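One structure is given below, encoded as structure tokens.
Chain naming follows the written order as A, B and C, and within any one chain the residues start at number 1.
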Amino acid sequence: MEIGIKELAQGIDTVWVLLCAALVFFMEAGFAFLEAGFVRAKNSLNIVMKVFVDSTLGMLSFWAVGFGVMYGLDKAGIFGVSGFFLGGDLGHIDLRIPTYAFWLFQAAFAMAVASIISGAVAERMKFGAYMIFTIICTAIIYPVAGHWIWGSGGWLAEMGMLDFAGSAAVHAVGGMAALAAVLVLGPRNGKYNSDGTMNVIPAHNMHLAFLGTFILWVGWFGFNPGSALSGLDMNIARIAVTTNLAAATGGMTGILFTMWRYGKADPSMAANGALAGLAAITAGTAFVGPGSAVVIGMVAGVLVVLAVELFDRIKADDPVGAIAVHGVCGIWGTLAVGLFAAEGGLFFGGGIQLLSVQALGITAVSLWAFGTTFAVFTVLKKTIGIRVSAHEELEGMDLVEHGIPAYNELVTGSVLEKGIGGEHVLKDMSNPVVNAKPVKQ
Amino acid sequence: MEIGIKELAQGIDTVWVLLCAALVFFMEAGFAFLEAGFVRAKNSLNIVMKVFVDSTLGMLSFWAVGFGVMYGLDKAGIFGVSGFFLGGDLGHIDLRIPTYAFWLFQAAFAMAVASIISGAVAERMKFGAYMIFTIICTAIIYPVAGHWIWGSGGWLAEMGMLDFAGSAAVHAVGGMAALAAVLVLGPRNGKYNSDGTMNVIPAHNMHLAFLGTFILWVGWFGFNPGSALSGLDMNIARIAVTTNLAAATGGMTGILFTMWRYGKADPSMAANGALAGLAAITAGTAFVGPGSAVVIGMVAGVLVVLAVELFDRIKADDPVGAIAVHGVCGIWGTLAVGLFAAEGGLFFGGGIQLLSVQALGITAVSLWAFGTTFAVFTVLKKTIGIRVSAHEELEGMDLVEHGIPAYNELVTGSVLEKGIGGEHVLKDMSNPVVNAKPVKQ
Amino acid sequence: MEIGIKELAQGIDTVWVLLCAALVFFMEAGFAFLEAGFVRAKNSLNIVMKVFVDSTLGMLSFWAVGFGVMYGLDKAGIFGVSGFFLGGDLGHIDLRIPTYAFWLFQAAFAMAVASIISGAVAERMKFGAYMIFTIICTAIIYPVAGHWIWGSGGWLAEMGMLDFAGSAAVHAVGGMAALAAVLVLGPRNGKYNSDGTMNVIPAHNMHLAFLGTFILWVGWFGFNPGSALSGLDMNIARIAVTTNLAAATGGMTGILFTMWRYGKADPSMAANGALAGLAAITAGTAFVGPGSAVVIGMVAGVLVVLAVELFDRIKADDPVGAIAVHGVCGIWGTLAVGLFAAEGGLFFGGGIQLLSVQALGITAVSLWAFGTTFAVFTVLKKTIGIRVSAHEELEGMDLVEHGIPAYNELVTGSVLEKGIGGEHVLKDMSNPVVNAKPVKQ
């Protein structure tokens, strides 16, 4: 092969996208351990298995159907109709990199959407029903919303909506689907008391949760800058910086806000604050400056704390805070583009045109994700069932669905004798009601 | 320095290979935690230390001797004789990248071979004997097989054998060496009963095992596409896609096949299924299409379940399933090139020429790896000894070999009161006989 | 955009630096889990939170102030005065990559310095005081030392000091700051007995510690080669090789030296040996050959064992060995450049000119880091206080500072009934005095 400028440019872009795809795929490990750490030990292997379903069945579903729906030849601005099984006409995707490289990067995004939802439905959803939902999510729900925003001919793309790496397409879609899912599924037994009070069901292993958080953050070095699809676009450096500054600010705000509000730096909110900053900056990362990124992350760090409290109050029981992190802060980030974009943002003299399009777009994809997930979960509930029995929930998903515990030799049982404020916690962790710690609202 | 096309091409390739080398080196962490999670707590630090020996002593042994044997000037097609200590004549290796970059990438492969074997001999092999074996494995056993297939002038290379990234050279060699090792070493005490029945000795920490699995999978983003040694070879995109599709299919098959066979999705088989798909696609990743990759992964996902059962039946006690994953599926993948290669594969009109060469090649390297390992283990057994005493095995390798446990404060002891089917498991995990759960075969 | 040689070169360099920055950022997870594993369970979440403070508040502090101090327009060779908040005049930094990419890579270095110190002060330092110190460390202490060595116009840079990726600027600065910190802070309660004997307070989770070690090692694939700031500098391949060989030799020496000295391969020293080799090679990685790297790593592997013993004897209580690894071996590595540099090193005919400069430079930055940290800690001690109360130390930092334990369900308490030599260890891990194991000195 004769090597010239064209081949070199293609090489740089392909190296970049493939390595970024590896980072984004690594996020599956991040989701798995973040979610496993936040739930109880008895359900923690099941949640890893569900994320593993996203990584395997989800990838295959996106290969067979999802990619074609998302990036295939456009039909009325609504969905794509070519490119199934990586075959057929894909010439309309204007790429310097091989289609295979583009596909792999996109496939890792599709898995991420499914893995946002897995956390919210943890500790009670049937494994088989989850598999079916993952297929539908990666084949239809995410790809249709993605087509609107990123597909050539997508109706929101045509309107000028800006969602660089997916605060809307990935995070808000995942978060709003998660909200619908938990509303149909109902809260975990023992989460809410008959007198209206709520129990905190504590994370069983914060090291796992932080391992997941760090991996997700590292993965975002691929998620956002990789979305430029080119190593020759020097904006990737700005993107990497705004991404990290928003993450840092979100995490810091999570720490400071809980120190101020509760008197102690809350580790869950530190982790979720950083992830909230990341979810929020993802839409605007390529369009805003470092200072705006800091503000966007700071707002996200506060929003996530308030949103977790809000969803608890409305009994949308989300064991890992996925709806708050990805849903609420994905929406915030999408709107923030309309405020902070250096070109077109309201705060930079751009008027409300861009903000209006962003608002319309985020409303559309949120409704789509919420509505379709609500429908799918309702149909699944009325047919094969989506929830394990109360007895199985008490026993734990790991033994019920997989026959083995996550920890075979490490003895489990609550040792948290003194929690915040010194309340006593009952000993038997196998009973979610009594192991939980009552809190005043 | 004046920069032109040549320097740019070299830069792209070097960046690519060095970053892929980092990913492949990361696989050492993957092996360490996969194996640590699958064994009992009392032996779990020792297995991490053995993998650490591969990463340190193994790297140095490959530097001093192995690399020269593998890629040095050819002697009769059998081994190389230059390049020891990264010195001497290496001009015959036709590389655009610096020799140093090539060496580092290859060194990470050599460690991986040793780390395949470490898992199979876990929970009973002496640390000192393991160190000696690692030196021999990375200096001689792997490099000779590697020279045959990848060395310039290697006899299998000359015959046209295709093994892109090492289903044969790395995985089958590691797996067949592991088989020889466990046959000489014998099964763990308590694994098999006098009446011919077998005990399941459960994984002590499935989160560690899945952490290892995810890291290995991410490492394969470097292992296979990096083997192109060039970021300008656009086939790297196809390689990345076939690698991932085979992994996904293998993992999915592990889940579905165990759901069908045992009624529950088995987490160990999900993890090992994905790794089996990866080991299998590694030979053909550059030569087959996505559809073929899916089939190769699917077969691997079934094979690994059957092979684990088979090796248990013949009392080849492999605590982590390394022989099944790397040995059996490495062989399968090597043969699969003869079936599925777009050019020369039997199913694509290529006749049996390529398949014959693949069969000859995989037989040769399997016999070599099995035979030399069998010999080395036998000599070590008759001289310094390869196995800790029964008393030490009961006490656990961590305290015996290293003086500290993996978990100093977390209380260990079986809490699995109800396993699959509800059998009771006795409490004392320090006794491998009584802690194990009898299963009918 | 028209793409030519210039754009391609910039693209390669930017891709390289951004991906290396991701690897260096990943080291934060490495520090977090290395340190968490080495300390007691009851303080292990707090140490992760402190590293998280480095990653968030530390990054923001470096953005606001530190980067300008380090790389801004030079003032008398001592510090920089432009570039705060990534604004102002930075044209004097001669870069082919965007300033944003350079900043992100440097920001990850600043966090690392803070995270070296966090380990040494573990298990007793107040969270709030740690936050303030991190701000000062990443805004002033590290950047000033860094300016001297790496800033354009820095006085040590002008003298010809060679510190390629920071054995002095990062590791010795971090290690010497850590030494000052622990001297002001005092040892953990229960570490030293009134009769002058010392207690070993064992690591609570060696898998976490090795996870951290592997992640740090992988991160060094970015730390050292990335410091070339160019993917077109073919020296990056040599750098990657010398880095890995020193790590391997350090780890191997840690294993062999403890086998010879204590009769058992010590896992902590295996891990710290590899890290010591890495800290030591970091200054000379670009200037020495593979053979020299092996020697540098070997010396580091012995030094770290002796230094850990020494610091224990002088009651500089460092729970993770950070002073020995980063301080002592950072100093060793800086001096080693004067001995082993292919051009200018004493052993390669270069005389003592370079060695003298290295000695002067390492003395200067060590005194700076030690002195400023000593001063800051003393002021903090006399004002807001730096140490939790004895009662809080007994209870554990996790419950006191964050209200939750790292492990909510896994039962903690010592099970190490038989340690090295068979001594009994008392059961109550909540009391550091009685849970510790007396050793003779």
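The rule we apply is simple: a contact is a pair of C-beta atoms (placed from the backbone, for glycine too) under 8 Å apart; a residue touches a chain by one contact, two chains touch by 3 or more.
Remember, predicted model here, so these are calculated numbers, not experimental data.
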item	value
Rigid-body rotation angle, subunit C and subunit A, from Cα fit (steps of 5°)	120
Proportion of interface numbers common to subunit B and subunit C (over half same, under half different)	different
Centre distance in Å when subunit B and subunit C are each reduced to the mean of their C-alpha atoms	33
Shared-contact residues (touching 2 or more other chains) in subunit C	5, 8, 12, 15, 19, 205, 211, 407, 410-412
Complex interface listing, subunit C residues touching subunit A	1, 3-5, 7-8, 10-12, 14-15, 18-19, 21-22, 25-26, 28-29, 32-33, 36, 44-45, 48-49, 52-53, 55-57, 59-60, 63, 85-86, 97-101, 103-104, 107, 127, 205, 208, 211, 395, 399, 401-412
Residue ranges of subunit B in contact with subunit A within the complex	5, 8-9, 12, 15-16, 19, 23, 40-41, 202-207, 210-211, 214-215, 217-218, 221-222, 225, 230-232, 234, 236-238, 240-241, 244-245, 247-249, 251-252, 255, 262, 264-268, 270-271, 274, 290-291, 294, 407, 410-416, 418-420, 429
